[in-house]
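We just call them A, B, C, D and E in the order they show up, numbering each chain from 1.
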Amino acid sequence: MLIGKVVGTVVSTRKEDRLEGLRFMVIREVGPEGKLTGKGVVAADAVGAGVGELVLYATGSAARQTVFTKDRPVDAVIMAIVDEVAVDGTKTYVKFVDD
Amino acid sequence: MLIGKVVGTVVSTRKEDRLEGLRFMVIREVGPEGKLTGKGVVAADAVGAGVGELVLYATGSAARQTVFTKDRPVDAVIMAIVDEVAVDGTKTYVKFVDD
Amino acid sequence: MLIGKVVGTVVSTRKEDRLEGLRFMVIREVGPEGKLTGKGVVAADAVGAGVGELVLYATGSAARQTVFTKDRPVDAVIMAIVDEVAVDGTKTYVKFVDD
Amino acid sequence: MLIGKVVGTVVSTRKEDRLEGLRFMVIREVGPEGKLTGKGVVAADAVGAGVGELVLYATGSAARQTVFTKDRPVDAVIMAIVDEVAVDGTKTYVKFVDD
Amino acid sequence: MLIGKVVGTVVSTRKEDRLEGLRFMVIREVGPEGKLTGKGVVAADAVGAGVGELVLYATGSAARQTVFTKDRPVDAVIMAIVDEVAVDGTKTYVKFVDD
């Protein structure tokens, strides 16, 4: 999996039938130290992620192993919202939670 | 998935039997901000995409999860026509529609 | 899929039993404009391709979706001989056919 | 497979249901000569790996072939702890074991 | 598939149960012209390859299509020993065989 930041959305009306109801998010990869790296990819959303959130996403056939993406032609899925990343004993990311 | 622009076509008469009837399109990857990036790839078309259109395409085993590509030896498929891309709150692409 | 030019062959006698009878071709990727790009890969041949021909090849699990490669440990297959490539309205490749 | 060093962890509470109970580790690829290379990836842990250990990890559909990851949306798994690496007749890594 | 040279071995005692009995070899990719290219990867051995030999290896789900690797969490397998490579009409590699 890779850590990514959700930075946008893609809207499509004409598409393969099995894609109906899926949300497509634009993700930018984020290195474990929290820096934006790499180019953007588009992933289906299986956890209700919002723009600005840090997420884990899986690619390849793993992307079809969620309730929302089973048997659908998607090759990337957001499967978790990241709460915390720790590298070399240091917390490099902690999700800010409103009370 | 990646966002791509359909820039061309590939014609083949001698091919694996199961490929009969599929259209092969040349795609250039387009970053979320709308810039052409990367080299060209060839994808099967599952949605009736035309040259010049912005599309979403999936690679790997996901490419066989459409009605048109099931059980066929293809590793990339156009599975959606893009209407709109938004990144960081800005629309970076809006499909022009003739009335 | 990618467009490639068949540039050579690989011969192997000691190999996994299920590979018996398959031909292995060395392919160099060719961009849609016809330039050789990238390094060489080895693909199983499912269409009787010859050295010098332009072909389409698929990688990953798609490589096992032909009659010749089903259930065999191959990750790349030549599944079509290219007749013609058109990019941006220009034919960038047309196969020369002897009569 | 690739050789990697476990350098951190990722915590997530909101995630796909099937991920419950899995540990996610941040891994940095290590070349066979023992140098850290490449950027970090996140892998599910199938062997009880700890931060600091050298491991083997597999990506793609192989990541779902362990007892812990079967049918789960993960694309990378730690499937072995490395004891020893030898390259060109030289041991480039030997795990230190406390008695 | 890619052509590689076996340059080393990886030993692991603590690993996923299904990996028992598999040998893990360090491979360096070799271009069709015989030059070492790329970094090292680790592949399971399905043909009894030895250090120093030139081999073909397959990655992804193809790596589980041999008798030795079926249903095991491996993403790369040595599935053939290379006898000969020919590129552009020239033999770039011929295996030396002792009598």
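To be clear about the criterion, a contact is a pair of C-beta atoms (placed from the backbone, for glycine too) under 8 Å apart; a residue touches a chain by one contact, two chains touch by 3 or more.
Quick caveat, the model's predicted, so the values are computed rather than measured.
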| item | value |
| --- | --- |
| Those chains which touch chain D and also touch chain C | E |
| Whole-Å gap separating chain A and chain C, where each centre is the average of the chain's CA atoms | 34 |
| Where chain D and chain E are represented by their mean Cα positions, the distance between them in whole Å | 21 |
| Numbers and ranges of chain B residues touching at least 2 other chains | 59-61, 63-64 |
| Chain order around the ring, beginning at chain A and proceeding next to chain B | A, B, C, E, D |
| Residue ranges of chain D touching chain A (in the complex, touch as defined) | 7-19, 24, 26, 39-44, 51, 59-61, 63-64, 71-76 |
| Complex contact set, residues of chain A against chain D | 1-3, 31-32, 37, 46-48, 56, 58-67, 69, 77, 79-89, 92 |
